[in-house]
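Take a look at the following structure, please.
Chain lettering (A, B, C, D and E) follows the sequence in which the chains are written, and residue indices restart at 1 in each chain.
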Amino acid sequence: MSVPVKFSGDLAELPTHAYGHRSLTWWGVVAFFMIEGAGFAFAIASYFFLMGNEQGWPPSRFEPPSLLAGTLFTIVILLSEIPNTLVKRAAEKKDLRAVHRYMLILLAICLVLGALRAWEFLLLNVWWTDNAYGSIIWALLFLHATHFVTDFGDSVVLAALMFTRHAAESRRYVDVAENAMYWRFVWLTWLPLYVLIYWVPRWAA
Amino acid sequence: MSSRSPNKLARIGLAGAALLALGACDREERDTSRQPKPETISLASSDPRAKEYENSSFHISQGQRYYSWMNCSGCHALAGGGGMGPPLSDDEWRYGGRMEDIVQTILKGRPNGMPAFEGRITEQQAWQLAAFVRSLSAQPRQDVLPGRSDDISNAEPQTLEERRPQQSESNTTLPSAEKD
Amino acid sequence: MRHALVIRSKVALLAFLLLACPGSQAVGQGNGARAPAAASPPDDGQWTMAAKDYASTRFSALGEINRANVSRLKLAFSFDTQNRRGHEAAPLVVGSMMYIITPYPNHVWALDLARGGRLVWVFRPRPKPASQGVACCDVVNRGGTYSNGNIYFATLDGDVFAIRASNGHQVWRTSVADINKGETVTMAPLVAEGKVLVGNSGGEFGVRGWLTALDAASGKLAWRAYSTGPDADVLIGPQFKPFYAMDRGKDLGVKSWPPEAWKTGGGTTWGWISYDPATRTLFQGTGNAGPWNPHQRPGDNKWTSGVFARDIATGQARWFYQSSPHDHFDHDDINESILLDMPVGGRMRQVLVRPGRNGYMYVIDRGTGQVLSADPYGFINSAKGVDLKTGRLIPVEEKVPQEGRVTRNICPAAPGAKDWNPSAFSPRTGLLYVPHLNLCMDMGVIEANYIAGTPYLGAEVKMYAGPGGHRGVLTAWDPVRRKAAWEIREDLPLWSGALATAGDLVFYGTMDGRFKAVDGRTGKLLWQEQLESGIIGQPITYRGPDGRQYVAILSGVGGWAGAIVSGQLDPGDPTSALGFVNAMRDLPGKTKAGGRLYVFALPQ
Amino acid sequence: MRRRLLPLLPLLLVGSACSVDGIQSVGGRDGQGGAAIADLFGIFLVATLLFAAVVAAFLGAAALRRRGRRADGIEDPEGSGTERPLKTGLIVWIAAVAIGLFGLTLASHLTDRSMARALPDPASALRIEIVANQWWWDVRYHFRDPSRDVRTANELHLPAGVPAHVTLKSNDVIHSFWVPNLAGKQDLIPGRITDLMLIPRKTGVYRGQCAEFCGMQHAHMALDVTVEPREAFERWRAHNAAPAVPPTNALTRAGYDYFTTRECSTCHAIAGTPASGQVAPDLTHFASRRSIAAGTLPMSRGHIYAWIADPQGPKPGNAMPYIGLEADELHAVAAYLESLK
Amino acid sequence: MTVLSGKDLPRDGEMLQGVALHARLEATWRREPGFWGWLTTVDHKDVARRYIVTALIFLALGGVLALAMRLQLAKPENALMGPDRYNQIFTMHGTTMMFLFAVPVMEAMSVFLVPLMIGTRAISFPRLNAFSYWVYLSGGLLLWVAFVLNVGPDVGWFAYPPLAGPEYGTGKRADVWAQMVTFTEVAALCISVEIVATILKQRAPGMTLARMPVFVWVSLVVSLMVIFSMPAVTLASGFLLSDRLVGTHFFNPFEHGDALLWQHLFWFFGHPEVYIIFLPGAGFVSEIVATFSRRPVFAYPAVVLAVVAIGLLAFGLWVHHMFATGLPRLGYSFFTAASMAVAIPSGIQIFCWIATMWSGRPRFEVPMLWVVGFIVTFVLGGITGVMLASVPLDLQLHDTYFVVAHFHYVLIGGAVFPLLGAFAYWFPKFTGRMMGDGLGRLSFWITFVGFHLTFAPMHWTGVMGMPRRVYTYPVGMGWDQLNLLSTAGAFVLATGVLLFLVNAAVSIARGRVSGPNPWDAAGLEWATSSPPPPYNFAHIPVVSSASPLWDNRHHLPVMTGLRVDDRELLLTTVMEAKPDLREPSPEPTIWPLVAAAATGGTFVASIFTPWAVVIGAVPVAAALTFWFWPKVAPTPEPVAE
C-alpha cells in the first residue's frame, strides 16, 4: 500500500457466516431469481401476445392440456414445501441429522415430481410443432422443467456434500438454507405457469 | 502478460476450427451462378452434381420455393405426403430415388400423370427441386434442412415419431397404378 | 320421339297415381312431397342411370326386401373389378344385364344377371395414363347411362363413348376434354332428349368449366355452355331470366372477375344433372371458382358455384342461382338437384331440393330460380344464412381465409357439409336421405401460380372432425317441414350415395366397408354386412331376371376422402390430399384398397 | 422549408452542393404526408439546434473560463461562490429542456393527429394493393368492377390530388414501403395487412425503395412512382387494363412464341396471351415502365438484352434464372418484350 | 500451510503490516505460476484485462469490416463485393460491435474498477467471473470462425424473422447468430450478478450509497438493466432457434405465431442495450471531469438520479424501433413522449459536467479532450435522437443513413469516446505506466475529425433517401460524393483509433512509470499501487466522504483484522456499509474453464441437433459439481455467532 494509513478499527471479531441477506451468496441467488423471473415474465408476456393472435385458445380441435399430471405435480410441489421448511430450519439450527433426513425426503419427492413432469409433457394434448399455441405451452413447461432439473441437480450435489466431512463447515448450512430458498422460488414460479398452461385454455374456451 | 495470450489462443482455435469445419463451406455457399456445372445429364451411377446440390442448404431452399411456385405441392402436398400425385416422403420411388432419377422425372415427366417440366423450368431449377424433394424423405444431411417452412404446420400431428428411415435408394419399384 | 316421351310420361303419371299413391297413403308418413311424374316414371325394376330417374330420386318402388325381412339379406354373388382405386360408380341394370364402369382405366364390365353375374364382355377404352396426374381426387368415375340400346360413359381423359349394350362394340367416341389444360371427366353423363350431357372436372387446375351436349346418336357436338366468360360462351341469351338482381347484367362471366381470370376460373360441371321433361329444362350445378385462394379473384366470379336451368335443346340458360358468390372454401355447387313437387307455404310448388356444399338445404323454384328456403342441415359457422331477398349467402367475415395466415375452424370444410355423394328421396316417407359430412378445417391461402396442367389452388388446408367428433352423418331431411326427421352419426365421413326403396329401407355404405340398411322412418339399423374394402359407391336395387329384388353396391375405397388408402398417401403429412388426410389418418387401419361388386338378395 | 432550412445547413457540416430536392428525398413536399413531415422536421431542426447552441456556448465558456490557471489544490465548491448560481442554472436548464421537449412532443403529436385527421375515408380513395416479394413489388389497382382491375409491377401511377389507399402485404419476409417524397414508410409484414394513405400533391416522377432489410437483394428493390394529372392517369389506367399488344412482325412473333410456351410463362403473365404465371412481375406493359427488375436497370433495349441474357449478373440471388437462350431466341424475346408498350 | 487454531490466525494489523504483510497476502492471493495459473486465475483484474484486450481485438475486427463496407459504398454500383458477402459483413459488424465489443468492454471496465473503487479485495463471485470470460470468448470465436467459413450470419444484427427464420434464413448462419447471442448473454448476466453483489455487499466501511463514486452507481444501474433486459433476447433467440431447429411456430404467421413478437422481445432488450453501452460512458466522464476539474462532480445527487432515471426510462422506449410496423397509432405518442423524456436526464448530466468544469479549474489532459469530444458529439447525437422519437419524423428517417449517423454519434460519441478517455485515464492503473501524451492528443484529434467526416455526411445521405443495409446504390441519386466523403472519413477515423492503440502498445512497454495516483484523483482505486496487487488493498480502507483521497490527504483510515492466510473478504451492510461479516473468497480453479468449454460445446452442437442439449448437460453438470465442491479441509476457525 502506497498511501499512508491509520488504523481505525479491527474486523477480527466479525462472524464468518450469516443467513439471509447478510450473506453474499444470498445476493447472488437473488440476482439469479431476478434473471430467471424476468425470463419467465417475458415468456408469460409472449404467451399472452400469442394468445391475442390466435383464434381460440387452444385453437379448434385441440383439447386443453389434461389436468391430472399437472395438478398432481402442483399438489406434490406444494407439499414439498413442508420438508423444505424443515430443512431450512434444521440448517439454521445446524442440526445435521435433521438436514440429512429432510433433504433425502425432498430428493425423493423430486424424483416423483420428475416423473410427473415427464408425464405432463405427454398430457399436453398438443405438440410444439402443431401451432404457436403448442409452441408456447411447451416452452413454458420446458422452461420450468429446466429450472426444476437444475435445482434438483443442485440439491443432489449439496445433499451429497452434507454427507461428507465438508458438512462440518458452518457455511454449508448457509448453502442448505439458500438452496431451500431457491426451491421456494421453483414452486412459486410454477403456480402462475400452472394457471397459464392448464386453466387459461379452459377459461378462454 | 495476460493480455497477449488470449489472442494467441484465439488464433489457434480459429485455425483448428477452420480445419475441422471446412465442410461447412459448400453447405452455405449462395451459388447464384448461371447454370449447373456439367453440361449434360449423365445417367451414370453417380452424377457429381448430386452431392453438390443435395448438400447445399441454399439449393434446397431454392427448391423449396419452386416446389410451391411450380405447383408441386398441389399434387404432392406440402411435406410430400401426396394427393393427386404419389407421396414423396416415403421410401418408395416409382422411377428411382437418386437425384438424377428425380431430375429426369421432373424434366421429362412420367407416363402416369407427372407432367414434363423441361422447357418450363431450367435444368438448374430441376436440380434444386430434386434436392428439396429428396429432403422431404430426409435423404440429405440433416444439418442442411430447415426446421419447418412458414406454412401451415405440416408436421405429423399428435405424434413424436421422426420421419421414417429410408431404404436404399436403388430400390426402384414399378408404378403401382398399372394393374390392368 | 318427343311425342313418344310425352305420351310415355303421361302414362307413367297415371300409373304412378294408381299404384304408388295408395301405397304411400297407406304408410301414412308422407308429407305431400313427391317427384314430378314426368321426371320419375313408374319403376320398371331396371337401373338405367346413376340417379335412377331424371328427378334424381334414387328411389326404387321395389318392396320385396322390406323392414321385416332385410335382416335375412345374403350375398347373391360378387365380382372382382380388378381395380383398386376408388369406386364411386353406380352399376347399371338393363334387362338381365349389369354394367359396371370402373375407375381409371375405365373398363366397362358387362355381367349376365341371369347366369349369376357371369362376365359377358369387357370394354377397355385405354384412356391416356397422363390423365391420372390431373385428376384432383383419385381417378374415380361416377358411372354411365343406358339409353336406347347404348351405354354412354366418359373416360378420365375426357373421351365420351357410346357402346352397344348388347356386345360392347363402340358406336362412337368423342373427345371433349383436354388433359393438358387439366381437364378430366369423372361424372356420369345424363342422356335425355337424344343428347348426352357431360361436363368437365378440373376445378383444382384452373380449367374453364363447361357442360357439353353431344348428339346421342352420332356423338357430334350439339352445344357447349361454359361457366365463365362472355354471355355468348355461357349460352346466356334472351331466355335468361335470373330471379335475383345480382345475376342480371351483360357479360357478368367476365365482369365479375379481374381481367383474364375467368379464363382460368373453374366452374366445372362434374356432378349431377337433373332434367324436367315437362319443361324440357335441365338443372346443372357449377363447381368452385379457381383458384381456391379467393383474394386472387375479387368479384362474384360468375357463374361458378351455382346452378343453371337450361333449355336442353339449345343449352340456352333460363335462370341461374349462385349459392356461393366469390366462393371462399372450394364450395362447388355440383350436388344433386332432386326435382320435387311439394307444398311450400301452403301451396304446391315445383321445386328443386339441393343439399348444398355450403351446408344449406336449398329449396328453389324450378321455374324461376327463386330460393324458397335455405336451412342448415349440418353445422355451419362460415355463413350466417341466406338472404332470401337478395339470394346471397351471408358470409362470416372472420372465417374468410386469409393470405399467409391460417383461419381456424371453418365449418363446413372444403368438401362441404356434403360432397358429390348423392341423396335419395322416398315419396313414401317424404324424406330426403342425405349422406353427408361433419368436417371442419383450418385454411390459409397463398398466391397460386398458374401453369397449365398443374394444380391452381393457393390454399393450405387441414381438415378434421366437426363438433361431436363424428365425421359422417346420414340425415333424413323433411323438405316440407324444413327439418331433420332423424339422423345417424357415423365415425368416418359418408362418401357413398344413398338408396331408398319402397320397402321403406335406406341403403348406404361406410368407408370402413360396412354396407347398411336402415329403417327409412326411424333410422334404426336393420342390417349390415362387412365388405372387403370401404364403400364410396352408389347402391342400387333392381328386379333380377328371376323376378326377385336385388341390392348391388361397389366396394373399393378411394376418392378424395379415401385417397389416403387408394393412393397410399403419407399420413404423416396432414396436408396430403388437399388436407383431407388430416381427417383420415385412421382410415388405413380400418380398411384396405379393393374393388368388388357385391349383390345381395333375400335367400330363396 | 428548403429555403427556411438553408441557413442552418452548414451546421450539419454538409456542403451546399447537397440539396434535399431529389426523387427519393425525405425533405420532399410532394405528398400531403411528406409535406407535413418536412415542416415538422424544420421545427425540430431549429429547436434542437438552438439547444445545441446553448450547450456549445456553455461548454466553450466553461473550458475557456479558467484556462491556464494551473493549480494543484482541490477546488472547494462551496467556497467558490459558483455553486448557487449553477444550481439555479441547472433548474432553469431542466425546465427549459422539459418545456422544449414538451413543445416538440406536442408538435409531433399534433402533426401526427392532423395527418391522421386529414386522411380521407378509404372507401372514397383509389384502392391499391401492393404485395412485396423478394425482391419486387406486385402492384394491383382494385375497382368496384373487378374486371377493370389493373396489375403491374415495380411502378405506381397516381393521379395528383387524389388520395390513394394502399393495402400492403408481404409474401415472404418483412419489407417496408417507402416513397419519401409522398409519405413516411410502412412495413409489410407476412401474415398481417397494413395500409397507408398516399395523397400526392404535385405531379412528377419519384422513387421509392424497400426500407427494411429483406435479404440478398434488399438494395435492388425500388419502385418507380409517377404522379400525373388525372386525365393522364385515366389514360394510363385504361391502357394498362387492356391486354398486351399482339406481336406485329416475324421477330416479335417468334419472341411471343418462345415466351408463351417456354420458361418465361411459368412465372410471368402477359394479359391477352397464354402466359399466366403469377409468381413473377406481370409484364403486360413491361416496356412502358421506367426500369427493369425493381429499379436494377433503366429501361432500354440494351438493358432488356442484358437482363434476359444474365439476370444473375446485375442482381445476384434474384428468382429469375439464367435460361441460356440462343442468340436468335434472345433477340426475339427481347424484341417482343420491347414491343410491350 | 500450517494449521492454526482460531484465536491466533494470522491477520493484518499492528502486528503484521508493511513488507511482511505484503508477502503474506501475496502468497495467499497470487495466482498459480505459469500457463496453468493463467488458465485458472480468478483475479478480477486478470479477467478484466483479458476481457478488454479481447474486446479491443473484436473492435479492430469490426472496424476492418466497417472499412470494407465503406470501400464497397465509396461509389455507386461498386463491384468490390457481392450482396452475400456484404450482408454477412454488415451483420458481423453490428453483431461484433454490439455483442462482442461494446457490452463486454463496458462490463470489463466495471469488473476491473468496481472492486478497486469500493475498496474490496476481490469481486464477489470470482469463478463465475472467470467462467463468463471463457463463455464470452467461445461466443466470439464461434461467430468469427463461422464467418471465416462463410457461415457468418447475414440477417442483420437484429435478425428479424421470417428473414432469419427457418424458411428464409437458409443454412446455419442465423443459428450461429442466435447461439452467439446466448453465449454473450450468459457472460453478461454472470458479470451483472457479480457486480450487483459486489457493490451491495463489499463496499468499504463507511461508503454509504450516497458516497459511492458515480461510476459505481452506473455499474449498479447497468447491471440491473442487464438483468432485466437480457432475458428478453435470450428467450427470443431461444424461440428463434427452436423455430429453426425443432419446428416450433413462434414466428410463423401461418400458424398464428408473429414476426412482431420477435421485434417486441428484441427491442425490449435492444433499446436498454443502447443505454447499457452509453451509461458507463457517462460514468467515465463523471470521474474524469471531477478529477481534471479539481472538484467533485457538480450536483452529485442530480447526476446519480439522472443515471437511475435513464435506466428506468430505457425500458419504456422499445416501441420507437417499431413505429413503421403499423401497431395501433394511439400508443405511439406515449412512446414518443417517453423517448423524448430521456433527453431530460441526459441534459441534466451534460449540464452538470459542464458546470463542474465551469466552477472547477479544468486541465485539458488527454482524457479531458475525449470528454469534450464526447459532449460535442453526444449532444449532436441527442438532437437526432429527439427527432427520431417523433413518430412522423421517424416514419421518414427510420432505416435510413440518418439513423446510421444518429446511433454512431450516440454510440461512438457517447460511449467509445469516453471509453478511450477512460483508457487513457486509468491506463496507469491497468499497466503501471502513463499513456503517451503527444500521441494521445494526436490520436484524439484525428479520431474526432475522422469521426465527424465519416458520420456527419450520413445525416444528409439519409435525408436524401438512402436506406440502410444496401450493398450498393444506383448512380444519380445524389449520394455519390457524400458516400465518398464518408469513406474517406472512415479511413481517417481508423487511423486515429489505430494511433490510439499504437500509443497504448508503446506505452505499456515504455511509458513513464506512474505511481499510485498520477492524476491526484479522489477515488479509492488510486489508493493502491499501479497496477494493484492481487489482493488490491493490504488493509481495508474506511471512507467518510465521496472523495476519500482528497478529504484524507495525509492518512487514509483503514480497518484491520482480515486473515492473511486465507482469501478473506469484508462484507458490509447494504445501505450503510457497516462491517458485518468476513467471508472467504474462492481459490483459483480450472473448472470454470472446463464448464465454459462444456457449455460452449453444448451450445454449438445444439445448432446441429437438439439432442446436444441432453447429452451436453452431463459434462456441464459434472464440471459445475467439481467447481462447487470444496477442495480444502474445513477451516478450523471456530464459529463466532
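The rule we apply is simple: a residue touches a chain if its C-beta (ideal position, glycine included) is under 8 Å from a C-beta of that chain, and two chains touch if they have at least 3 such contacts.
A quick note: this is a predicted structure, and the numbers were derived from the prediction, not measured.
Of all chains, C has its CA centroid at the greatest distance from the CA centroid of chain A. Chain pairs A-B and B-E differ in how many C-beta pairs are in contact, and the one with more is B-E.
Each chain gets one centre point, the mean of its Cα atoms, and the points for chain A and chain E are 30 Å apart.
Chain C and chain D, compared by their mean Cα positions, are separated by 54 Å. The distance from the centre of chain B to the centre of chain D, with each centre set as the mean of the Cα atoms, comes to 38 Å.
Mean C-alpha position of chain C lies 73 Å from that of chain E.
Chain contacts: chain D has residues 172, 190-192, 216, 266-267, 279, 316-317 touching two or more partner chains. For chain E, residues that reach two or more other chains under the stated contact definition are 84, 162, 168, 242-243, 246-249, 252-256, 258.
With touch defined as above, residues shared between interfaces to two or more other chains in chain C number as follows: 404-406, 408, 442, 444, 446, 448-449, 451, 460.
If you check each pair of chains against the touch rule, the ones that pass are A-B, A-C, A-E, B-C, B-D, B-E, C-D, C-E, D-E. Residue ranges on chain B touching chain A, taken from their complex, read 148, 153, 155, 157-160.
Chain A makes touch with chain B in their complex at residues 126-127, 129-131.
The residues of chain D lying in touch with chain C in their complex are 131, 142, 145-151, 169-171, 190-192, 241, 243, 266-267, 269, 271-272, 274, 276-279. Interface residues of chain B, counted against chain E in their complex, comprise 2-7, 9-10, 13-14, 17-18, 21-22, 24-25, 27-30, 32, 57-58, 60-61, 64, 142-144, 146-153, 155. Chain E makes touch with chain A in their complex at residues 11, 13-14, 124-125, 128, 189, 192-194, 196-197, 200-202, 205, 224, 227-232, 234-235, 238-239, 242-243, 246-250, 252, 255-258, 261, 264-265, 268, 515-517, 527-529, 537-542, 549, 554-562, 569-571, 573-574, 579-584, 621, 625, 628-630, 633-635, 637, 639-641.
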